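These notes concern the structure reproduced below.
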Amino acid sequence: MSTPVPGYDCTMDELMVVAFSRAMSNDTRAFNGAVSFIPVCGYMLARRTHAPDLVWAASSIAVDADPDEIGDSTLSDSLWGGASMLSNSPFDFWTYAQGARYNTFAFRGAQMDACGNVNNTVIGPYDAPKVRLPGGGGMADLGTMIPRIYLWSSTHDPRTFVERLDFRSGIGWGDGGDHRERLGLPGGPQLCITNLCVFDFEPVGKRMRLASLHPGVTAEQVQQATGFEVVMPEGAIPATAEPTAEELRLLRTEVDPTSARLREF
Amino acid sequence: MSKVTTLEQAAAQVPDGATVAIGGLSMNSAPMALVRELVRQEKKDLTLVAIVAGMAVDWLVAGRCVRRVLSGLVSFEGLGLAPNFRAGVQSGRVAVEEYSEHLLICRLQAQSSNLPFMPTKAGLGTDVLGLHTASGAVREERDAPSGERYVACTRLPVDVALVHAHEADERGNARVNPKLVWMDNEIVNAAARTVASVERVAATEAFTAEPERTTYPRFMIDAVAPAPLGAYPCSSFPDYSHDSEFFTAYSQAARDRGEFTQFFRERVVGPETWEDFLDANNAATGASA
Amino acid sequence: MSTPVPGYDCTMDELMVVAFSRAMSNDTRAFNGAVSFIPVCGYMLARRTHAPDLVWAASSIAVDADPDEIGDSTLSDSLWGGASMLSNSPFDFWTYAQGARYNTFAFRGAQMDACGNVNNTVIGPYDAPKVRLPGGGGMADLGTMIPRIYLWSSTHDPRTFVERLDFRSGIGWGDGGDHRERLGLPGGPQLCITNLCVFDFEPVGKRMRLASLHPGVTAEQVQQATGFEVVMPEGAIPATAEPTAEELRLLRTEVDPTSARLREF
Amino acid sequence: MSKVTTLEQAAAQVPDGATVAIGGLSMNSAPMALVRELVRQEKKDLTLVAIVAGMAVDWLVAGRCVRRVLSGLVSFEGLGLAPNFRAGVQSGRVAVEEYSEHLLICRLQAQSSNLPFMPTKAGLGTDVLGLHTASGAVREERDAPSGERYVACTRLPVDVALVHAHEADERGNARVNPKLVWMDNEIVNAAARTVASVERVAATEAFTAEPERTTYPRFMIDAVAPAPLGAYPCSSFPDYSHDSEFFTAYSQAARDRGEFTQFFRERVVGPETWEDFLDANNAATGASA
């Protein structure tokens, strides 16, 4: 469902895609997993704006794909149009991931905690789950291999952003602080983009910190919607930047003309 | 001695209690015709190895064929959770051995490469490793000289791998067009036997004419079962895409026990032959949608 | 150089190829390395006679190749005609080798010892070699992975068959006895086919044992040409079987019409 | 920012003392045009990584560019030993770190996969492992739970990989026809930089038209140097075979120091451009022979 952003000439899905896009850079080498409409739109948009050399492997397979439209699956061949390489999971992909030749990946967990760890396995105890979720898939892998991790959620509420995960399917900053470093893992989560705000991670404890508020949202609302204590930055909290007309035009007409991204809402 | 057989005979060779690895990835290239036949033959107590799966696992769980699932992910992606898998696990009827994609791949590689383990960094710092402490299937280790941490993934023996390919000849040479094998070669390499369903049987000359396109040599494939649209309702790139309508209707039906029983009978296990099944689902139309 | 075998209607190269061919079976799944003309001819001949299902990957790459002729390299593309698969070393080959999906390989070392270990690295000390040889290549790998190892040599003399290798590039039966088993390695050398005789390996100590003598050769001559003590079998030592007319016809007209195998002599 | 450059400029980016991995296998697909340029530029103290090589290593040793060779095998196969390599090692001028093919591959894989080691059974029971006891580059281990032996192959960092491919575009997408990469992808994956010589530059559209044929994505290739017949006197399947005449004449000349010096000047390093070199060797004829 498309929700207008108060005061901005765009909707929430568009704001999130643009925020994601702007976090990308010209040396981003990304790929995507299942149900990743926001990141997929973000990669495609960044490549059309400030990051022309950005690498995006659609479905982790189709390098430099430029599909006419996005279908109902972000792991589907409908996404592969225009690719200059169809790489192959076992032969190419895993080595590129392990060696951080791909440097960027985005997760969305059914639960996420303050350090950006994610759960997509079970709600409730593992052996007697209240809800059996799909499973972590590549989260446990890519969380350890890829240095630039991005998180997103279109359901910013206390059920999603929890103090304690029921199961840690994928590692973000782990227990926080230097935990990743102690495990020998590169980088870590950079941002978490939600339907209320953008979080970054404060550099010492590696907990989510409010980086910008979407128009009409207050810091108090974010805290109320979050199951853990949100780190507040020094000074005023900026508003999430407004998409430019050109960004919106590209998103609406070229990147995702069928609004596949609304499947996340 | 042609390796070409029927879906029925190929499935009949899978014994109850076997460890069966299912090819494909999510909604792509799953060996659905073979899976349907396993359900029709009422297999029992199977252990499934499914790196990233969905409908295939759900059919087998719905058919009460499954005791245990080793998987990275089972879902219908944006089209929802896999309803029977979810219910089966929540009720305790089906056990899940939770891995991640790369942990499973590494266990399969240890098996196929005849090594005590394959190392990876996958899983470090997650709760996945703790699930396997008792069995030792994967374990966290520290490399003594460097102090570096890694995860040792032990061998995973597989009785039968089921994969879908585009073409095979009578000798068992098989190929996937254009060259995408998802992670199927990992399960084929680890399995004692491999059965391939294929869109069509081709002459050996088709393989010798373009030998660089052969995906599996004949000594890796034990049986070839012709099944046009054999991955339906999943995709077989580049021939056909997944049929979203089937996934949606299936999920819809699964909200009610009686409705699902009827759906499963009429549109999955009831049709006598694979062709009947395709007709019952208007597959020729849906798959190209 | 083609040498007639006394009393047989064939030459030494032909006798060796036929002896090799007959050691193959219908479940042989073989590949070959560099300068392996005798084994290559043997695989092709066996497939045309008693082992129609035999798998041979020419140059370790071209599965079921059936070249019109053999060129000056057994690692060359000239060998790949008629293949039903061009496999790829890193992706296919090594897994098939490690998992013994390929079950047969043949070595020829510059030096070989009684237990079928081979040296292709140096003559003299490693650090100050008298002769630097090419190196073991895949010998150290395939000796550990492949259960059915065959050895051959067209220079049966005490410089080749030595009591002690200057360097063990590839393992045969190792130190003999249960050494391979203790190392966790499958199978081991089956036969060694030379220009004087065929050796098998006695089952306990795993040392070369005279299995058959080529026409005109005595057991004493073999011992004199061998730098280690040859195990003599119980009872009479048979003559190496004579090739059939059909085997010779196939070898001469179909398998190797240009006599590339003479490059080994 | 096109990645297309000249052989001269591509070679100029290789510093003295670098660890350079050479692609190809034996007489196939070696990046000879790039290697010739390294010799012409009189590189010093290179460490070569050459899994199975021949002429490329011999040229670099003849040109006094090499301090150390990490290899599985260096020879001209049935056409003889590599004469300068042999003499260089025997004289002590060139050090050889002896591996086997799979031990080197596993070291490269540890590097490219960012793991402390890759396990293999290669080398067990041979003298190869003992050569590396002091450095610890590869070491025999025993898996504690199973008691099983294996060899741990540690990371092998490579500064530059040189490979030959058939086509690349300006962005660096490259492909090898039909799909044979020998073991080149192992060195490309392990290298900080990769330079590809190519038979021809192709439009990006040639890659998007057949994306399944792309061997290396653009982010794995740093420079593209056009060199028609760039693997000569080695082969570039399926375009041309190795030129046996060159190998034989080279080996013949190497029997005499003066004769070899003249041969090496006239037929290898002397010709100014790659085209001059090909002319000096009648390469267009020899390669197709």
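In this document, chain identifiers A, B, C and D correspond to the written order of the chains, with residue numbering beginning at 1 in each.
Definition applied: contacts are C-beta pairs under 8 Å (C-beta built on N, C-alpha and C of every residue); 3 or more make two chains touch, one makes a residue touch a chain.
Only a predicted model underlies this, so the values are computations on that prediction, with no experimental measurement involved.
Asker: Computing the C-alpha centre of each chain, which chain sits at the greatest distance from chain C?
Answerer: Comparing chain centres, A lies farthest from chain C.
Asker: Please tell me whether C-D or A-D has the greater number of C-beta pairs in contact.
Answerer: C-D
Asker: From the mean C-alpha coordinate of chain C to that of chain D, what's the distance rounded to whole Å?
Answerer: One centre to the other, that is 28 Å.
Asker: Take the average of all CA coordinates in chain B, do the same for chain C, and state the distance between these two points in whole angstrom.
Answerer: 41
Asker: Taking each chain's centre as its mean C-alpha position, how far apart are chain A and chain C in Å?
Answerer: Using C-alpha averages as centres, the distance is 57 Å.
Asker: Which chain B residues touch at least two other chains?
Answerer: Chain B, residues with two or more chain partners: 113-115, 120-121, 148, 178-180, 185, 212.
Asker: Hey, what residues on chain A touch two or more of the other chains?
Answerer: 86, 90-91, 94, 98, 145
Asker: Spell out the residues on chain B that touch chain C in their complex, using ranges where they run on.
Answerer: Residues 109, 112-115, 169, 171, 173, 185, 189, 204, 207-208, 211-212, 214, 217-220 of chain B touch chain C in their complex.
Asker: Help me check something: in the complex, which residues belonging to chain C touch chain B?
Answerer: Where chain C meets chain B, its residues are 29, 55, 57, 62-64, 80, 82-87, 91-92, 94-96, 98-101, 145.
Asker: What residues on chain A touch chain B, complex-wise?
Answerer: Residues in contact with chain B: 34-35, 37, 61, 71-78, 86, 88-90, 94, 98, 120-121, 126, 128-141, 143-145, 165, 167-171, 174, 179-180, 183-185, 263.
Asker: Quick one: which bits of chain B touch chain D in the complex? Just the residue numbers, please.
Answerer: Going by the criterion above, the answer is residues 113-121, 136, 139, 143, 145-146, 148, 150, 152, 154, 178-180, 210, 212-213.
Asker: Which residues of chain B touch chain A in their complex?
Answerer: 25-28, 52, 71-75, 77-79, 81-82, 85-86, 89-90, 92, 96, 98-103, 105, 120-128, 131, 148-149, 178-183, 185-186, 235, 237-238, 241-242, 244
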